[in-house]
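You will see subunit A twice below: alongside subunit B first, and alongside subunit C after that.
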Partner chain A sequence: MSKPVVATGHFTGCFGCHMSILDIDERILDLVELVEFNKSPINDIKHFTKPVDIGIIEGGISNDENAEILMEFRKHCKILVAIGACALTGGVPSMRNLVPLKECLEEAYLNGPTVKSENTGIIPNDPDIPVLLDKVYPCHEVVKIDYFLPGCPPSADTIWNALVALLKGEPLNLDYELIKYD
Partner chain B sequence: MSTNVVTFTIDGVEVKSAPDKTIIQAADDAGIYIPRLCYLKDLPPGGHCRVCTVKVNGRPVNSCTYPVAEGIVVENDTEELNSFRRNIIEMLFVEGNHFCPSCEVAGKCELQALAYRLGLLTPQMPYLYAQKELDATHPDVYLDRNRCVLCGRCVRASIHLDKKNVFGFENRGINMRISVNSNDGLKDTDLTKDDKAMSVCPTGCLVVKRQGYLTPVGKRLYDKKPIGSEIETKTVKS
Partner chain C sequence: MTHHYREQIKNIANKYGNDRGYLMNIAQDIVKEFGYISDEMVAHVAEILNIPMVQVRDMVSFYSFLPRKPLGKNVIRLSNAVIERMKGADEVGKAFEKELGISFGETTKDNLFTLLHTACIGLSDQAPGALINNVPLTNLKPADVPQIIRDIKAGKNVSDLPQARVLLNLKKEGEVICAPLESGQAIRNALNMKPEEVIAEINKSRLRGRGGAGFPTAMKWDFCRKQKSPIRYLICNADEGEPGTFKDRVILTEYPDLVFEGMTIAGYAIGAKEGIMYLRGEYAYLLDNLEKVLAKRRHLGLLGENICGREGFSFDIRIQLGAGAYVCGEESALIESAEGKRGAPRDRPPFPVQKGYKNEPTSVNNVETLCCAARILEKGGEWFAKIGTKDSTGTKMLSVSGDCEHPGVYEVEYGITIENLLELVGAKDTQAVQVGGASGKCVAPKDFGRRISFEDLPTGGSIMIFGKNRDLLECMHQFIEFFIEESCGWCVPCRAGTTLLEKKFRQILDGKGTVQSLAELRRIAQTVKAMSRCGLGQTSANPVLTTIYDFADLYAERIKEEDGKLLTFDLQKAMKVGIEASGRTMEGVK
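On to the complex of A and B.
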């Protein structure tokens, strides 16, 4: 029997949730035995090459590229698990949602205290740069998410226990200490 | 002193109480936790948040304001009531701007702890991202309305415990907010950091400055044990 296929993805956030995945320490050896990795920043596979059983995503959706790749994940993954505060709520990047996007960009590139001198700044607008959305969105506002694991980041134990339960087809009954919003 | 005792049940468990108590007081004394947000033992009940709603003989009531009575049948820890409570907590999360990862009160926040206890993995209603005002004018404390849940504990504590009347509510409905009793922010009120009003905020709305992040993660109030376990582990009074 072929191994279940897992993919991981990263959107707008700090990569801390992926650090937390790696924080499962020596259990990573078990993980390699248990599953096959497809698209993931860990193995640097850029595109989906087959259907995926479990997709794990971190980060909020702040630009068109994020949204596009999240939809790719939804298309290829049977089960999609959003992990971490940014994927679940927008997290710290969504603090910009309190300020209109135009003002954010003007502050960063035109008027901010670190802009060298007046009238020299420009707001980047290269076609290669993803276009920012008006707000940072939680993943579930863009596609359907099947499971949520809160935390900033969720602890390695939280991710491990959830992943093992999903691989075994068991319900997710995580201990009290494993569910935290921070 | 009255020796009268009333007997009733909460989720089928027999509870005895003095007749002048509210349901939540009798439940606390009996070691039964009814989830609550705006209620605090030392303050007169506010009846604002509705998290402590229970059913008495099949009808929903505030357990913080409803008196005990002989023979009443109280439902508390049922999936129906807990899902209502979860909805309330979820709405409070999306109405405010609660950024738990960067909040200094995370881990001892009652809103967060209620979400954990009631099994809310994440709010899924759309966030409002409303503009809320921060008042950092006071040298020792600040008021961050982004984190306010309008429980009114500070309002009641300032009046009843501090005898000062520093806080109030203004506006209505979604525009309701905590106001302070001065024209120019908290600095012109007689609030001090040692006031009782400063210790009753369930979230990180009303906070003493320069004390953030003092308790390490893992040792904070709700890191290991759910909110309410302090009531449930209390010795049951005879």
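On to the complex of A and C.
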């Protein structure tokens, strides 16, 4: 029987959630035995090469590239799990949602105190850089998400337990400490 | 400026004995005098009554008829209730906007007109309707609007406009409410019995409350009477705020004596000396006549000291005017409001019969319930119990509006089927019937054999008929918007839940919902129903919950699923600002 395939994706987050995935320590050896990795920043596979069983995603959606890759994930993954505050709510990056995007950009590139002198700044417009969206969206406002793991980041144990439960098709019982945040 | 109104406010407060319990009346009088009640005026009131300013502001900010900023000299409140919109209220609204050159919520530059929306004003049978300076106008057409504005500008009284007439529209008279009564007859019969015997007679009739909940009236009075307290109150609930209900309007216009007769009997039965009629602010135009009837009854010895010559039985009635809040129809909110506070429901228990108005035992009864009580004392409980069905004795006043030939008020025997009712009112090609108002049930044709009664389809009186060409779910959506507007905001499931419900519902109506959104809609609706604190929240999801199964097709045809991609997310739109701000073009990006 071929191994289940897992992919991970990173959008607008701090990579902390991915660090937490790696934080399962020596269990990573079990993981490599259990599953096959497809697209993921961990192995640097850039494009999906086959259908995936479980996709794990970190970060909110703040630009067109994020949105398109998330849609790719949805297309290729049977089950999509959003992990971390950024993916679930937009998180820290979504603090910019309180200010209209145009004002954000003008403050950063045109009027801010660190802009060298007046009238010299420009808002970056190179066709190669992604376009910022009007606000940072949580993943579930862009595509259908099957499961959510809260935390900033969710602990390694939370992620591990969830992944194992999904792979075995068992109900997920997380200890209270693992999902208590206050 | 300050001094000028300070004196007047002082006089107004004085008129009410500087009593904090009359805060609402004081605020209403201030609004009548100055057109609004500013923060500064609020401060004066607080100082004069010697209460904290927040108490005054808390109350004032709650009511839509107590504006806190100056409005125009003439205030137009166009009803945007569901039936009104079905009958063209939106077009009339546009005509007003065009004629005045302002949008809703605005005041003209010359301060002559303010244009506002308001909920159902109890005129759905002659919609679209509006209140201009509290005077009701009916059957409005867009073409009428320019002349209305011209006339008002020319100084004509609103009540002299041709549209300023409320038709009675009493289409079917029954034997309980719409029958003649010799004033005082029922009271005299009651006074020949002990109060307990009066309650026993009501018990024999098996009368149940007509205001919605259907609580046995005799039991309510008995609870109230048995409380150990020397002071008790009787309140007549004339708030009639449920969209599509206007039967109390007809009763109060045509049979006020019957209502007051019933109130007096109830006062005798429970042992109250004071009765309050809580009249919705939208019905202010009925006030003068009601006061006249009260004065006449005092003159005839049917109110006041030693009523009908009975030594020691005194009872009098005052009318408390509401100020435009649906939730004030809920009995504990109504009591709060009658005490001059914001109309937020109370925790129960204690129930009003235990601790009601001024914390004394209080019976709150609907207008129609009290009319039935008077008739029962005239004709006997047994006579009454023979009418209607086993669990629903007597008749019911129905307010029928929407897609039918003869909208109006019908007094019918309990147990009438929807089918027979539709025939009676001349409704054809009916898609659905909303029984019991926005908070009631949307009934599909397969259920038109069901009966209006407490045991089957209960209603406070509202019957709204939707013809086959109506967009039924859009109508349901408007009901939800009504609840958002009217939520008192106390508890989260209702305050936030109704908004979440509306958003999800809108998504589906716009064809952006997935199978998942439908499940989410159901879940939100159930949470709002189960977790809300009072009847308003508990019924606010009914427009969804009573259509989601019986009209499943209407939902299904709007649901799409596209490989997990959500249709609510519009990437192009989300990119627009970023592209414009950086001076790029859409062509540059994929």
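As a working rule, the second predicted complex is superposed on the first by the 179 of 182 C-alpha atoms of A that agree within 3 Å, B and C clash if a C-alpha of one lies under 4 Å from a C-alpha of the other, contacts with A are read in each partner's own complex, and residues count from 1 in each chain.
Going forward, a residue touches a chain if its C-beta (ideal position, glycine included) is under 8 Å from a C-beta of that chain, and two chains touch if they have at least 3 such contacts.
If you're wondering where the values come from, they're calculated on a predicted model, not measured in any experiment.
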Touched partner set for A:Met71, first subunit B, second subunit C, both or neither: second
First (subunit B), second (subunit C), both or neither touched by A:Val115: neither
First (subunit B), second (subunit C), both or neither touched by A:Ile42: neither
Touched partner set for A:Pro124, first subunit B, second subunit C, both or neither: second
Subunit B versus subunit C as contact partner of A:Glu141, first or second or both or neither: both
Partner chain(s) touched by A:Ile79 [first = subunit B, second = subunit C, both, neither]: neither
Which of subunit B and subunit C A:Leu133 touches, first, second, both or neither: second
Residues of subunit A at both interfaces, subunit B in one complex, subunit C in the other: 135, 141
List of subunit A residues in touch with subunit B within their complex: 82, 85, 88-92, 94-95, 97-98, 135, 138, 140-141, 148-150, 152, 176-177, 179-182
Complex contacts: residues of subunit C adjacent to subunit A: 514, 516, 563-566, 568-569, 571, 573-584, 588-590
Parts of subunit B lying in touch with subunit A, wherever the complex brings them together: 97, 99-103, 106-107, 112, 115-116, 121-124, 126-127, 129, 131, 217, 223-226
Of subunit A, residues touching subunit C in the complex: 63-64, 67-68, 71, 74-75, 80, 100-102, 105-106, 123-125, 127, 131-135, 137, 141-144
